[in-house]
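The data blocks that follow each hold one structure.
Each of the next two complexes has subunit A plus one more chain, namely subunit B in the first and subunit C in the second.
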Partner chain A sequence: MNVKICVGTTCHLMGASTLIESLELLENDLKSKIVIEYATCFSACQGNFTPPVIKINDEFFGNMTPESLRKLIIDKVVEGAEK
Partner chain B sequence: MRNFVFNEAMKLRRQTLIKLAKLHLNDNLKSELAKLNKTILPGPHPTYRTSLYHEREVLKQRIKLYLGLDYDKTKDFELFELADKLEDFLEGNDYSSTDKFLQVIKEACDACPSGKYYATDLCRNCVAHSCRTVCPKGAIDIEHGRAKINFELCVGCGLCAKACNYFAIVKLERPCERACYVNAIKSDENNAAEIDREKCVNCAACYVACPFGAIETPSALLNVITQLKNNTKLKVIYAPSIVAQFGPKVQIGQIKKALLDIGFSSIHEAAVGADMVAKEEAEFIETAETLVTTSCCPSFVDYIEKHQKDFVVNISPALSPMSELAKEIRESNEKIVFIGPCIAKKMEAYKIRKVDYVLTFEELASLFAAKGIEPSQLENLEVEGSFDGWNFAQSGGVANAVVNLCKKSLTIEKMDGLSEGNELFKKAKTGKINLIEGMACEGGCICGPGIMVNPLVAKANLKKMGIK
Partner chain C sequence: MKSAVFYNKSLNHIGEEVCGDNFQSGSTEDSKIMVLSDGLGSGIKASILAILSTEIITTMIEKGVDIEEVVYTITKTLPVCKVRDIAYATFTIIQIFNDGRTKIVNYDNPRAIIFKNGEIHKANYTEILLNEKSIKKYEFIMEKEDFIFVMSDGVVHAGLGNLLNFGWGVDNIEEYLFGLYRKTNDLKEIVDNLIELTDSYYGFEPGDDATLVGIKLIEKPKVMIFTGPPLDPRTDNEYAKKFIEFEGKKIICGGTTGNIISKIVGEEVKIDISANRDLGLPPHGEMKGVDIVTEGVLTIQAFNKMLANCRKDMYDLQCNPLANANGAEKMFLIIRECEEVSILIGRKVNVFYHNPALPFEMSIRSNLIREMSSNLERLGKKVILEYC
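For the complex of A and B:
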């Protein structure tokens, strides 16, 4: 699973750095199931997404917080395992 | 070191700054200002507080401070009144904030209870009632099956809190008051926080601590944008604590390029000024008979001037890296902007008069966001300054740089945060110390009030900086 964190200027200002920190704290078995990348501006916040924005595989998610990101990753990993 | 927590109060400040910068850049500020608080908080439900009208009112006051205005002089203005005379306000006039770098927005202050002990409902009305036994003033009654403190009698000694096995008695402190090591937070007649200017050293610990975002700093962001729009030549000096501030993909050279692209005329590292200061201080200390205290941290200098008056003569004659470099690069018809993590630098700019505008990293990033600039996609320009110069950004760095240059062996003490001030200067009265390095923020500038990333990340990145 590919997790892209937008670290563009706006997302950075709206807390992307705390998302990165929270990913460091994920349990190892979760961490091993995802690939973390930093991306520069998806231009997604111009549309329907509130920064900070992230992308998991091809799907965007906005207004992320460390807690909501963690929950989302767990949900997605479980979903992936069920398929 | 400051525990960096990104919170909603910061988010709102940044959103508002981006919005204001965008409007001003596009010449829409005049027409949009009157309803800006409603645009940002559209309702119908409140976002932060219990009442939408309250939070809009608070935001209105915030906007005035972000326009660089003085809270006390403009608190009764409506935004449409400001819009009418916007040009005047942005050029700087009687309503501009000049000498108050931290201001309490009274509408935002929750007037939290201060310094009193409360018996909470964790009280189990035990048999022992140790709280009542230890209280020297007989201030604890048992009412409705739980302990209750009589505030008329309580002297706040805290013995009851220590005695309770359920931790049911707590001291409620104002976060601003607790954060302030120079006791500069008072209460006004409505119990809202008030800053005692005689004591305040502008370290901005209260600004960081307040969970309501009630303590704000007047911003020069819109003034700088006005100058950019007028094509004034603006030189930039940025603080060494800029390392890592703009996220993992942004190199410092790319920030330089971004600043040039925005229209600043030339970009300079304060680390270069730091090298100059370290050299000057090292030479001075070699011949000095008495104690020398560093002068890079404006809040530390202010602390000595206000709270350790005996040591004013010991303050290093060198200016701070910011002012030293500004003096060096100053040309006529130009203005100088300093970008750093610091609110006390606004005070230094006002007192020393070498720099015209001071922005925080937050304010600069808001300008980048408003302009849609992504520094990570720009060319990485060359960066100057030595490792020691860059290292001024963390506690211990200044003293280190001076020691490396000084031929004499030195006894050094560090004030890492204002909390250490009292003890240290008591020691300085008796012991033989050559140099005191002072940083008002624990951890140094990388822990300052205007930072954007966890200081630990910045600290790790500092190691890689500078020509060794």
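For the complex of A and C:
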């Protein structure tokens, strides 16, 4: 599962660095199931998403916090396992 | 085109307010001139002698007089102390042409130290006797990342009769500098390190003025910064092409700008999350064919703060070495070694920048660029702005 964090200006100001830190603190068994990447800018803040924005596989998610990111990753990993 | 960058640092003789050594630089249409002079004695009198020598030499070469003729004229006119039979001022002249041809003429200073192609280089020289004084003239070709170090004898005699019986000596200094050069190609780091050690060999009470000048040859002394997407997306291709084909260093400041260029040239931007994120800056990255890809306005703001803290030139500021530098520092280190800075400024604005949800007011890109341009010019760079 590919998890991309936007590190552009507005996402950074709205808390992308806390998302990065929270990913670093993920449990190893969760971390092993995801590939973490960083993107210069999704330009998503000019559309429908409130920064900070992340992308899991091809899906965008906005207004992320460390807690909501962790929950989202767990949900997606479980979803993937059930499939 | 090749160009020489230089950085010098001095110690004053203990108790003196003014250094008796003087370094001056100049240029002709096709060359850079650097002159180091050591005035006899120390303090104001020595300083005046040294300044007069460097001024006369630099001015004559800038006016088109051949280096050989300058040397002949100056040695005839420089007075010699009748008691000690030494010149009232020594000099080393370095002239580096745009094609790398280099001339060094040395009159009574310690010999120049040259590193070429990663090795210590013993250049051939011709010796001329003028007024019973030996003048050594070296001629060779400098290539990219070759270094020259010239110094006054205050460096060579450091430690004399103290920590080092016979003083440091040029050969030992050469060996020490070579050790530094193998670890880093940062001119400021090498020169500062050596002068600091010179000071410590003197027990922090220099018995003589001591100056070290470091010179490095660089290719591509120009840099282009592309920041902000072009106002009209139909011109993206045109500006991306202009940027990629630019002959010099390349910096992208801005995620969206990076995405545009990445898509057009077909190269991925790779963000290095392990890189230094000091000052709360977003991470920076790289792309093939570009020297660095940073975030936009926040990095430019941080870079501007660094420029504002420089007084005379960009070597005034201490910052992390390249390996540990954050995005703004990397920009600083790249631009420091360039003479000409072209900035391509996209006029498209991210409307979210004016959103009250943002934690502080975002400075508009154009204001930041104006501030950057003004500071860069103050620090001796030529700046070319183009809005797109």
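Following the convention adopted for this analysis, the second predicted complex is superposed on the first by the 83 of 83 C-alpha atoms of A that agree within 3 Å, B and C clash if a C-alpha of one lies under 4 Å from a C-alpha of the other, contacts with A are read in each partner's own complex, and residues count from 1 in each chain.
By our rule, contacts are C-beta pairs under 8 Å (C-beta built on N, C-alpha and C of every residue); 3 or more make two chains touch, one makes a residue touch a chain.
Keep in mind that what you see is a predicted model, and the values were worked out from it rather than measured.
Visitor: Using the superposition on subunit A, decide if subunit B and subunit C clash or fit.
Guide: After superposition on subunit A, which the two structures share, subunit B runs into subunit C.
Visitor: Mind working out whether A:9 is in touch with subunit B, subunit C, both or neither, as first, second, both or neither?
Guide: In the superposed model, A:9 contacts both subunit B and subunit C.
Visitor: Is A:34 touching anything from subunit B or subunit C once the two structures are fitted on A? First, second, both or neither.
Guide: Neither partner.
Visitor: Who wins on subunit A residues touched, subunit B or subunit C?
Guide: In the superposed model, C touches more residues of subunit A.
Visitor: Which holds for A:21: it touches subunit B only (first), subunit C only (second), both, or neither?
Guide: The answer is first: A:21 touches subunit B but not subunit C.
Visitor: After superposing on chain A, check 97-105, 187-195, 205-213 or 241-249 and name the one in subunit B that bumps into subunit C.
Guide: Residues of subunit B that clash with subunit C lie in 241-249.
Visitor: Considering each complex separately, which residues of subunit A are in contact with subunit B in the first and with subunit C in the second?
Guide: Overlap of subunit B and subunit C footprints on subunit A: residues 7-10, 12-14, 16-17, 20, 38, 40-41.
Visitor: Going by the contact rule set out above, which residues of subunit B touch subunit A in the complex?
Guide: Subunit B residues touching subunit A: 6, 11, 14-15, 18, 246-250, 362, 365-366, 368-369, 373-377, 452-454, 457.
Visitor: Any idea which subunit A residues touch subunit C in the complex?
Guide: Touch list, subunit A to subunit C: 6-10, 12-14, 16-17, 20, 37-41, 43, 45-46, 50-51.
Visitor: Using the touch definition from the top, list the residues of subunit A that touch subunit B in their complex.
Guide: 7-10, 12-18, 20-21, 38, 40-41
Visitor: Quick check on the complex: what are the subunit C residues that touch subunit A?
Guide: 254-256, 258-259, 269, 271, 273, 277, 280, 282-283, 285, 293, 295-298, 350-353, 355, 357-360, 362
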